[in-house]
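Heads up, the next two complexes both have subunit A, just with different partners, subunit B and then subunit C.
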Partner chain A sequence: MTAPGRRGVSALGWLLLGGLAVLPLIVIGVQALATRWFFPDLVPQEWTFASVRGLASGGATRSAVFESLVVSLTAALASVLLAIPAARSLALGRLRHARLVGLGFLLPTVIPPVALAMGLNVVLLKADLAGTRAAVIFAHLVATLPYAVLVLTAALTRYDVAYERQAAVLGAGAGRILGRVFLPLALPAIMVCAALAFTVSWSQYLLTLLPGGGRVITLPVLLLVASDGGNPTAAAALALATAIPPAIAILLVVRRLDALGAPARPLR
Partner chain B sequence: MATQRAARGLSRPPLSGPWALAPAAIILGVLVATGLGYAVAQSLGALPLAGKPDVGLGAYRTLLADDGGDLWASAAFTLWVTAASTLVAAAMALAAIAWLDRPRTRGRGGATGLLHLNLAIPHVVWAFALLLVLTQSGVAARAAAAVGLLDSPSDFPVLVRDGYGIGIVLHYATKEAPFLALVGMAISRAQPRELGVIAQTLGATGLRRLRLVTLPVVGPGLAVASALVFAFVFGAYEAPVVLGASSPRLLSVLSLDLFNASDLTRRPEAMALGVVMAVFVVALVGAAAFSRRQR
Partner chain C sequence: MSVPVEIVGVAHRYTPRGPVVIHDLSLEVRAGGLTTILGPSGSGKSTLLGLVAGIESPTAGDILFDGASIVAVPSATRGVALVLQQPHLFPYMSVGDNVTFGLAARGVRRATRTAEAERWLAAVGLDGMAGRRPRELSGGEQQRVALIRALATEPRVLLLDEPLASLDPQVRGALQTLLRELVTETGVTTLMVTHDLSEAMSMGERTALLLTGNLIADEVSEVLFNRPPNRDAAEFVGISTFITGEVVDGDLQTPAGPLAVDGLVANGRPALVAIRPEHVRLVDVDGPNVIAGHAGPSTFRGEYWDVQVETHLGALRARSQEPTHEGATCLVVLPGNRLFPIADAT
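Coming up: the complex of A and B.
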């Protein structure tokens, strides 16, 4: 291929990539600030900040933001706390069949969420727990925990356990080893794991709606209803509010993510 | 005491025994077992919402008899949407890998950053964005009108809420391609750098490079990841609600519609459909994983 040809491929690649990752977000952003935006105008005729102000003052949106944050932060924290021992066991414990067990953790992610969510809805109704925040957080673990375990396991395969041996030889107990050696060394990987678990939980729809019995209203639940309605400006503002927190979570760890190759490494 | 500890330290690091798997495994096991278990029980009529239990395969019979005429159309539609989404996503991912893997491509970090960013965007948001872009009076149609390709919205092809599920396929293809691309990139980056250099020295470029170097390296891992994408799209719900037509419906939508039907006697059918879907997709992914282990 000639040099201009190569440059053409590069330009096309960047254009497609940018189009895929950024363009839809720009469209949402413009729509959120547009009052009258009809065919064939490429740019809105009138701009407004009412929708964004509406987000901040609207009771439904504010409580959905709060609900989403509480649910996803808790689910992320729980996933990390549960994933740490599991990942240590899979990566450092020299288990027999560690690979097979690791693949077993993928099983919950393969089962259609509809099937799980309907079943959980019935269980939770019988246990009188449907519609509680705790029920939704537990249900989210079906999606977040497998992912957290696999990402952390992959990260820990590069972890040098010799530091822990050193500490043990010097007389440190399990608690000190975990707190003073493991935690500082593995903290970057743990943060990546937490950020991924947060984003996975944040985007859950069915596993929020059915266990929540329609009473735990997170942003995706609200947005799915709004996306069908007659007010694209308000829906777009809601979509922005739904997109920004997980984007921030990922951008905070994106360097580490890249070094880790997550989410790809567990699938190797 | 200290020597004991030292001896233990040399044998196994703390919190890494098989029992350390227990908390995560038990919680996931309980969630999956109760969720699926209750779905199975209700599909068999064992736990009715009202009245006495009447255990049997009645719900499965009613479901498969397909009086509404929806089931088989939905099943075919689901398989088409799922297969098309997976294939298009895999093809896009391969193209991205082939491009980003070239020795000359710059800004690889920025590119993977964009891919990660796409992954972080919730499906509902993505579906809504595509709706704004792809409707007949949407942004794509306006861009086409601006360059004089069409005069009125009706000249623009129907890409959302269409009978073929094109909008849904576009959604999952664009949302899953970055995931597959990242999987492939991670695999290819784990290979020795010399591989690419040798290929270049021997004069491989473009498609030959893709066919002879990239594909053999990333192909197997990409196949497994594609199986996971297939499973995900097969059970997905959000995009079809936003971008799909009311008929044909994807199986997941049909199942939830039965679940939410005002006629509560249809609930066992909803559960039966969910169970059938779960069995099908687990068997499929299991077979894919197993056949790969054999090779």
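Coming up: the complex of A and C.
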């Protein structure tokens, strides 16, 4: 491709990125501060900080943020803890019919969320867990685990087991190999896996509402209620608040990966 | 403490129905000795090392250190250390922590480890580098760290799996010298895998040659190079001139006339003899063991010309200081003290 051609493709890429990612955020940001904004006006007629102030001082929002953090952090942690042994077995060829088992892990992602939520709800009702935070975390885990296993398996296919063999021959036992060799080497992949699981969990609405029975209120649930409430300014402010934690998680991971120089070093 | 290593009738396959990669192999390494395991890719060299290291378990046979079987002993407590082709230094640790990784695994205190790291780093000319990260070192420096990381555990047996193969020739030569010095100084019994003939000859007091999982030869390195025991070994060490004939009065009777061969005794029986290529030369004067022929193409090899000569023994490759006109009559000498009898089969 010629240099002008490359520049054209690059410009188109930036335009798409701007259109798909940045522009909607700007619009929501403006909406969060607008009281009177009618089509076809480019900017609102009146501005207000009332919704943002309400968001910061509202007890319901604070409670939803806390609930979201607890649920998503727990789901992410559980996903990582379960994904590590699963991905190791799948990636390092220690499992018979690994490809089939890997596909099995992905099954929840192909089932429509409504069907998945209803099915899970039945199971949780029978287990007398419906309406609890534990039920919501379990439901989120069903959604996050496939992605966690998928990402970690893909990363660990490049993992060089020779590091562990080297450590074993040098006298390291299983615990030391896990703590001083595997985890540090796989840390970049584990961090990406955790961030993804957290983000997937954070945005779950149906898998919160049904298993939680309306008693577990996370930010997406609150956001949906606000969207139906006829107050676009409040809904936009809440939408922005909902977008912040996943963005922070991704940024933290990216910064940490840069600091580690990952993932090229530890993985083959 | 160095120990003798005995590998007794070892066989190995990676999966129950998989191919046999090591066949009934027996080998002895004296305490403190350095034996190189030579062979092409896929010959089972690294597998053999993995069996001694405890990374794999043999499907048959036994491995003994100092007369005691170690097959059931876990890798971590076998008293072996392994250096691979790639240094595999832990990238998130300092160079010093890498050197003393094995000592930390054994519960050695931090202060002792720091002192040990400095001592070993100084021994290989890397003084003051304990605080650096592996990525800050060159390839040769990293491999030196990998080597002292292995030696710092004071292993009973040191296993080297092509540790110099990925280095450029200059660094490789320097590290060969360093490696020999360290092994001699520590007196550790060493098994070193290589596919490089010259490295095997320069490093090992003995060389074991493996082909397709079979031990073809186990000889003093110089003997393997100059007088390999069988045809397979001879071909691997670069010998291509083989002559068959019948032994009559101590000489080998050939279609080109009798050839005097040192050590040929079996009168009245067919024999196979061989000679290293560098000992087959063009000469100007006829004499004992000189064969006439017609020159074929000459190839310049830097230090000599490689001339193909058609003789009654077939095509021979002879060395000359000058090129020879194709088709010219020439004389080739096969010195009797360089010809040696050889077994046709392994």
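Annotations
Criterion: the second predicted complex is superposed on the first by the 236 of 268 C-alpha atoms of A that agree within 3 Å, B and C clash if a C-alpha of one lies under 4 Å from a C-alpha of the other, contacts with A are read in each partner's own complex, and residues count from 1 in each chain.
As a convention for this text, a contact is a pair of C-beta atoms (placed from the backbone, for glycine too) under 8 Å apart; a residue touches a chain by one contact, two chains touch by 3 or more.
Just so we're clear, the structure is a prediction, and the values are computed from it rather than from any experiment.
Looking at the shared chain after the overlay, A:L145 reaches subunit B, while subunit C stays out of its contact range.
Touch criterion met: A:V169 reaches subunit B and subunit C at once.
After overlaying the two complexes on the shared chain, residue contacts for A:C193 are found with neither subunit B nor subunit C. By the touch criterion stated above, A:P184 is placed in contact with subunit C alone, subunit B being left untouched. Within the superposed three-chain model, A:L120 lies in touch with subunit B and out of touch with subunit C [touch as defined at top]. Looking at the superposed arrangement, the partner reaching more residues of subunit A, out of subunit B and subunit C, is B. When the two complexes are overlaid on their common chain A, residue A:D160 makes contact with subunit C while staying clear of subunit B.
Subunit A residues in contact with subunit B (one complex) as well as with subunit C (other complex) are 165, 167-169, 171-173, 261, 265. Residues 160, 162-163, 165-173, 176, 180-181, 184-185, 260-261, 265-266 of subunit A are the ones touching subunit C in the complex. Here subunit B touches subunit A in the complex through residues 2, 5-6, 8-10, 12-21, 23-25, 27-28, 31-32, 34-40, 42, 47, 96, 99-100, 104-107, 109, 111-133, 137, 139, 141-143, 145-146, 152-153, 174, 177-179, 182-187, 189-190, 205-206, 221, 224-225, 228, 231-232, 234-235, 237-238, 241-242, 252, 255-256, 259, 270-271, 274-275, 277-278, 281-282, 285, 289, going by the rule given at the top. In the complex of the two chains, the subunit C residues touching subunit A come out as 53-55, 74-78, 80-82, 84, 86, 88, 90-92, 101-102, 105-106, 135, 149-150, 153, 159.
Taken together, the subunit A residues at the contact with subunit B in this complex read 1, 6, 9-10, 13-14, 17-18, 20-25, 27-28, 31, 38-42, 82-86, 88-95, 101, 103, 105-120, 122-123, 138-139, 141-142, 145-146, 149, 161, 164-165, 167-169, 171-174, 177-178, 199, 202-203, 205-206, 220, 223-224, 227-228, 232, 235-236, 239, 242-243, 246-247, 249-251, 254, 257-258, 261, 263-265, 267-268.
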